[in-house]
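The block underneath contains the structure these notes are about, expressed in structure tokens.
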Amino acid sequence: MIWIDTIVQGILLGGLYALFAAGLSLVFGIMRLVNLAHGDLIVLGSYVILFVVSALGINPFLAAALAAPVMFLLGWVLQKLVLNRTLGEDILPPLLVTFGLSIVIQNGLLEGFSADSQRMSLGALETASVSLGPITMGVMPLMTFASAILVIVALNQLFYRTAIGRAFRATSDDATTASLMGIRPDRVFASATAIAMLVVTIAALYLGTRANFDPSIGPARLIYAFEAVIIGGLGSLWGTLIGGIIIGVAQTLGAAINPEWQILAGHVAFLIVLLVRPRGLFPKGA
Amino acid sequence: MSATYSVTTRTKSSSIAVLLAVLSVAVLIAAPGFAARGTIQDLFFILTMLTLAQFWNLLAGYGGLVSVGQQAFVGLGAYALYGAVILGGIDPVMSILVAGVAALLLAVPTGFFAFRLHGAYFAIGTWVIAEVVRLSVAQWRSVGGGTGTSLPREALREMVLVDWIQELFGVRSSAARDILAYWIALALAVGTITGIYWLLRSKRGLALSAVRDNIEAAQSVGVDAGRMRWLVFLTSAFGTGLAGGLIYLQKARISPDAAFSVTDWTAYVIFIVVIGGIGTIEGPILGVLIFFLLQNLLADYGSWYLMILGLIGIGVMLFAPRGLWGLISEKTGLQLFPVRRRLVGGQLTNKEG
Amino acid sequence: MALLETHGLTARYGDFQALFGVDIALEPGETVAIIGANGAGKTTLMRSITGVLNNDAAQIRHRGVEIGHLQADTIMKRGIAMVPEGRRLFPSLTVEENLIIGGQHKGGRDLGDRIDSFLCRLLGGPDPMELAAGHDGSGYWSLDTVYDLFPILKERRHSPGTALSGGQQQMVAIGRALMSNPDILLCDEISLGLAPVVIKDIYQALPRIKENGASLIVVEQDIGQALKIADRVYCLMEGRVTLEGRPSEITRDDIHAAYFGETA
């Protein structure tokens, strides 16, 4: 019975990892850009929410709603002024620039908020749980998982049902021809990163309320996100959710055997999938 | 009309550079005779970082393989050295070779996984493997597990050549060990640079630039891109492992978090190569000097230092992607380690000629 | 005032100069054909006019306004639409989505334009979208009228654009350009690689496009086809205009000389 409980907790944890990964996946899908600062941007988001919480004394959920437009504009400006200049055939500039950005964000946060770990309190919600037969599930992990599903549904709708989604797909196919349709690629890319930052804000809300965080934990979140994307197969958001769940379950199973093996078990699961299915479980296209 | 042509990579400045290089190496060998212990330690740091930078540059700048997981080879090399000394009772200096071989052995499965990923995903894939190695080594109780360990004093005292250096310079054992480590670092750096220079000037070097510039075109003229990537990856891992072993031989204390630090062994190294000029041998040399100066200048500013480093790196990548050496050689045409072949001698002929 | 004119238009790709002072003009209601051998600079001329290549502002005028320096999306929003060489449909979009995207930026500003304009005004710069004003994209062409023009597209409207035959893809590319109701339609090699019967179908659509307010610039390798539909013809050779005239006024020898640079 304990095993079923462990697996359920792992699945719920996978929802958090899918949230970390969704923004990464969106940006990669549209402009083939892998943002090595993605994890640090999530941590930055948590600090922005924390700042609003302590400045206005409001609930973290409300604070996240206020932080979202700030993060949206930040994403826009970041893409427009910095990342757009790195796009092209050569893969080095985007990698090195986002790697530099990662170091800048981490140390900027260290300077601004110190290395102390922080946590946002949700009061009774933190410990609230629902029981389903023998299995007890925390309300927060359930909300995280539901948010992941909502984000994926929303992004899929955006992609396939809206004008901006058409512009995303067209620009990703052929930026020059898209510009002949009145679309300016650099703005499409800026919108994509801005939207990814909205997803980052949601991820940041759960990162900051479910556990302690400090400026240095971004790279580890990037790695989990990346593993979820690769396991799922590039370009498939539902695959990313499955990937997140596999990492989550592997981690909770590993931790159940030996607490020191939690992270290692997640990485090993990733390597095994990579070995068996190099293109991920649900690769798109041929 | 008889014309004699020859293909050469030599330039006038490169001949002067060879002379200068021989001179500076001679001065560096003699340095322990007149330099303070602190200076020797600084030079050791510069030389080992230069070695790491040259190997990362070989990977990323020439091989197109952007790895952010080089700390795996530094860390595993270092731990292999500690294992060989502590568990195997091998002389620490000899154990440096064990460090290199261990990194080489790790590179085989690493490459097997990482080469399934491309571009940026290759980068993060190497990072994951470095994490796996770090977490696994932290489970290795006999070398201290998560908290780490020190090299045993007896092993350090009985290290080869230390007695001889003590007598030669009239210094204490600890200073003699620094001098020994410094000489090894010097040999490693010089060996690395000449080795990479030789590789780039050889037929394989040509193939390598072909693969970096256009993998399909290179394959269509018969270059085996896969084999070139393996060659570069394994060579870099071996050299990085040697450097890692040497660095922790000198530190004499190790812990998994330090030995597998992505900041110390990858971020700094990337910074050195990018600011100096990626894809050149001169770049990392210039880069390591700037890095060392900045580190001393900004040492008191803690995290501001890393922020400034990151910002400079971003700025260079956006506005001068070929780095400082790129700017210099563009302005002056200077090339100290020319790998480009030029046609010299003879005469251009016209249709009637 | 000509609808569109170029003055001493030059264009280069790096060290290679492709156009050397090209002067052409398009009057309202006209069909102009551009002919010339491969590499004469025809596609470069189209790329310059549509803003894919940037030029000096004064080298191209549209309704008297200098547009040479504008980017492709702004020029398109002014009412100059292009059927690109090789059709260039978006493979991720269905036939209908390919059509819709051609008209989705009609007149109004999308979210991206608004955010950009906001940020530019915030920093005290000029509004980058100002020059796109004056053309609201409304007019005869809509999904219904395009489907009426090419009925086969309605049947295939949910297929991926690239699953269609070459001729059908060309119809999508033309329909896509029409969706913004342009006053100038540029057609680059629309008959290339198509069977004669298909070419005939496509050229039969041109009169109806003209009737509904678009003037045409047609780039053609097929001289016979070009002379049949054009009011005026320009011939390009090695980046220069070597011949200009009405089809009725120019002879085969003129064309031969302009095309190959030899006197017959």
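Order of writing sets the chain letters: A, B and C. Residues in each chain are counted from 1.
Assume contacts are C-beta pairs under 8 Å (C-beta built on N, C-alpha and C of every residue); 3 or more make two chains touch, one makes a residue touch a chain.
Everything numeric in this text was worked out from a predicted model, so none of it was measured.
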Taking a step as a move to a touching chain, how many steps at least join subunit A to subunit B? 1
Find the most central chain, measuring centrality by the gap between its CA centroid and the centroid of all protein CA atoms shown. A
Greatest number of touching C-beta pairs links chains A-B
Centroid of subunit A to centroid of subunit B, CA atoms only: how many Å? 34
Starting from the mean Cα coordinates of subunit B and subunit C, work out the distance between those two points in Å. 54
As a quick test, compute the distance in whole Å between the mean CA positions of subunit A and subunit C. 42
Flag every residue of subunit B that touches subunit A in the complex, lowest number first. 60, 64, 66, 68, 113, 116-117, 119-121, 123-125, 127-129, 131-132, 135-136, 138-139, 262-263, 267, 270-271, 274, 278, 302-304, 306-307, 309-311, 313-314, 317-318, 321
Contacting residues of subunit A [partner subunit C, same complex]: 73, 76-77, 80, 163-164, 166-167, 169-170, 172-174, 176-184, 187-188, 190-191, 194
Where on subunit A is subunit B touching in the complex? 33-34, 36, 82, 85-86, 91-97, 99-104, 106-108, 110-111, 219, 222-223, 226-227, 230, 260, 263-264, 267-268, 270-271, 274-275, 278
Within the complex, subunit A is touched by subunit C residues 50-52, 71-73, 76-77, 81-82, 84, 88, 90-93, 97, 100-102, 104-105, 110-113, 115-116, 119, 176, 180
